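Before anything else, here's the structure in question.
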Amino acid sequence: MATWPHVHAVQIYYEDTDHSGLVYHANYLRYFERAREHLLGVPELVRLLREDGVGFVVYRCEMVFREGAVFGDSLQIRSTPKLESEFRVTFKQDVFRGEKLLVQGTVEMVAVNREGSLVAIPATVLARI
Amino acid sequence: MATWPHVHAVQIYYEDTDHSGLVYHANYLRYFERAREHLLGVPELVRLLREDGVGFVVYRCEMVFREGAVFGDSLQIRSTPKLESEFRVTFKQDVFRGEKLLVQGTVEMVAVNREGSLVAIPATVLARI
Amino acid sequence: MATWPHVHAVQIYYEDTDHSGLVYHANYLRYFERAREHLLGVPELVRLLREDGVGFVVYRCEMVFREGAVFGDSLQIRSTPKLESEFRVTFKQDVFRGEKLLVQGTVEMVAVNREGSLVAIPATVLARI
Amino acid sequence: MATWPHVHAVQIYYEDTDHSGLVYHANYLRYFERAREHLLGVPELVRLLREDGVGFVVYRCEMVFREGAVFGDSLQIRSTPKLESEFRVTFKQDVFRGEKLLVQGTVEMVAVNREGSLVAIPATVLARI
């Protein structure tokens, strides 16, 4: 059984920052996605996509930026999933530098088939959350 | 006097998409930022940063994804600013393909000085919204 | 008949820069790609991909960085294609700010089918170069 | 004493791919940069930038793409630095999936001060290569 939050480490490189000196705000959505993929299991996500034609799509997201991260920072993405319905999972995803909370995020995810139609969250994914 | 919404065109290239075939969700925050810069006036944003040391930071954002955009799409970002206080502007920013609404966004922006402290939204920017 | 070089305008936003204050070096490859798509014609590229299953792939690229671009810059990508063989087009792609040359690039492009196998450059594309 | 090549692992996420299903070509320059930062030592790069005002800039790069990487791939960036002169380091940086070579890269790097003028590669960096 998993313990929450799931923790994913992110290192901040030149590519992550903008000319303000801080991490470009949109990039946190990338870190959240990386964290969700590890949380759900990359090999199973690959299998679902190739064999079952099931992919995942963000339906809604929200972020509050409390403090910026800078080049060289080692961040933690702490993610906690919550099954909202058969079709929808919400992830609370927060960004920490040490014990300092930098960004608070919420991401709602749904599953779709090859035609882009909504399908139930697969059982193998449910087993991880 | 400006008429709202401000409209900014975005062309979708290979770089904008991911292997699902759709535009990567985080990229819409980039299109929103491009639209805000044109709305506020790029030369004045450059001047504010270089001469007055004033930059802009996203404090909060939210997006709802209704339908995906694909390679070759010509999108419109329709932006409407609202001054919430002396320190905060909220932009309603929606993505359209023709008359079809694809993504609904809200972005709250604040101004900061070189030390990262909150400052009032500059008058030259207020004049544009 | 086309006149060379083909010119494509690029505006530099926050997203394009990194904490050095300059445009992140890898981004020039994105600007080159945008320019090539306009040069070759986006609607035909979309049609080739959807109907004929033909896409384009960079086989080799090279860049020399002479001077950095900054936030607010309006750049020009000047592109000149050269058909090297039935299968390969080389683009000379240079980045200018006014008459100042910032980056010199060379990109070799090939066409592939749905299985990823090399195919001849389509006639509709040849007609553009 | 270091043994070459330096190996840096890269996991391929949704964000890395484009609608062709493969990793977007420009992204390999990002992976190369991440690898160089670990090779040179992130804390020392941060210190050089903040205390000495010395940063690193790519002067020239070249890539040959032999095969594409896909979502879910675990790649290795194998980097070997070579000091070309007091002012210039060249990195041979290749991308492998298992023992399969996907991309061959060469990156020339120079050091600059706060004014953007060329300076000698710092001794602490020389000690790592």
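We just call them A, B, C and D in the order they show up, numbering each chain from 1.
By our rule, contacts are C-beta pairs under 8 Å (C-beta built on N, C-alpha and C of every residue); 3 or more make two chains touch, one makes a residue touch a chain.
Everything quoted here is computed from the prediction, not taken from an experiment.
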In terms of mean CA position, the chain most removed from chain A is C
Over half shared or under half: which fits the residue numbers at the contact of copies chain A and chain B, same or different?
-> same
Report, in whole Å, the distance between the mean C-alpha point of chain A and the mean C-alpha point of chain B.
-> 23
How big is the gap, in whole Å, between where the Cα atoms of chain A centre and where those of chain D centre?
-> 26
Separation of mean Cα positions, chain D and chain B [Å, integer] | 32
Residues of chain D touching at least two other chains = 14-15, 20, 22, 26, 30, 33, 71
Which positions of chain C touch chain B when the two form their complex?
-> 11, 13-15, 30, 33-34, 37, 42-43, 45-46, 49, 71-72
Chain B-facing residues of chain D, complex = 14-15, 17-22, 24, 26, 70-71
Residues of chain A that touch chain B when the two form their complex = 20, 22, 25-27, 29-30, 33, 55, 57-65, 68, 116
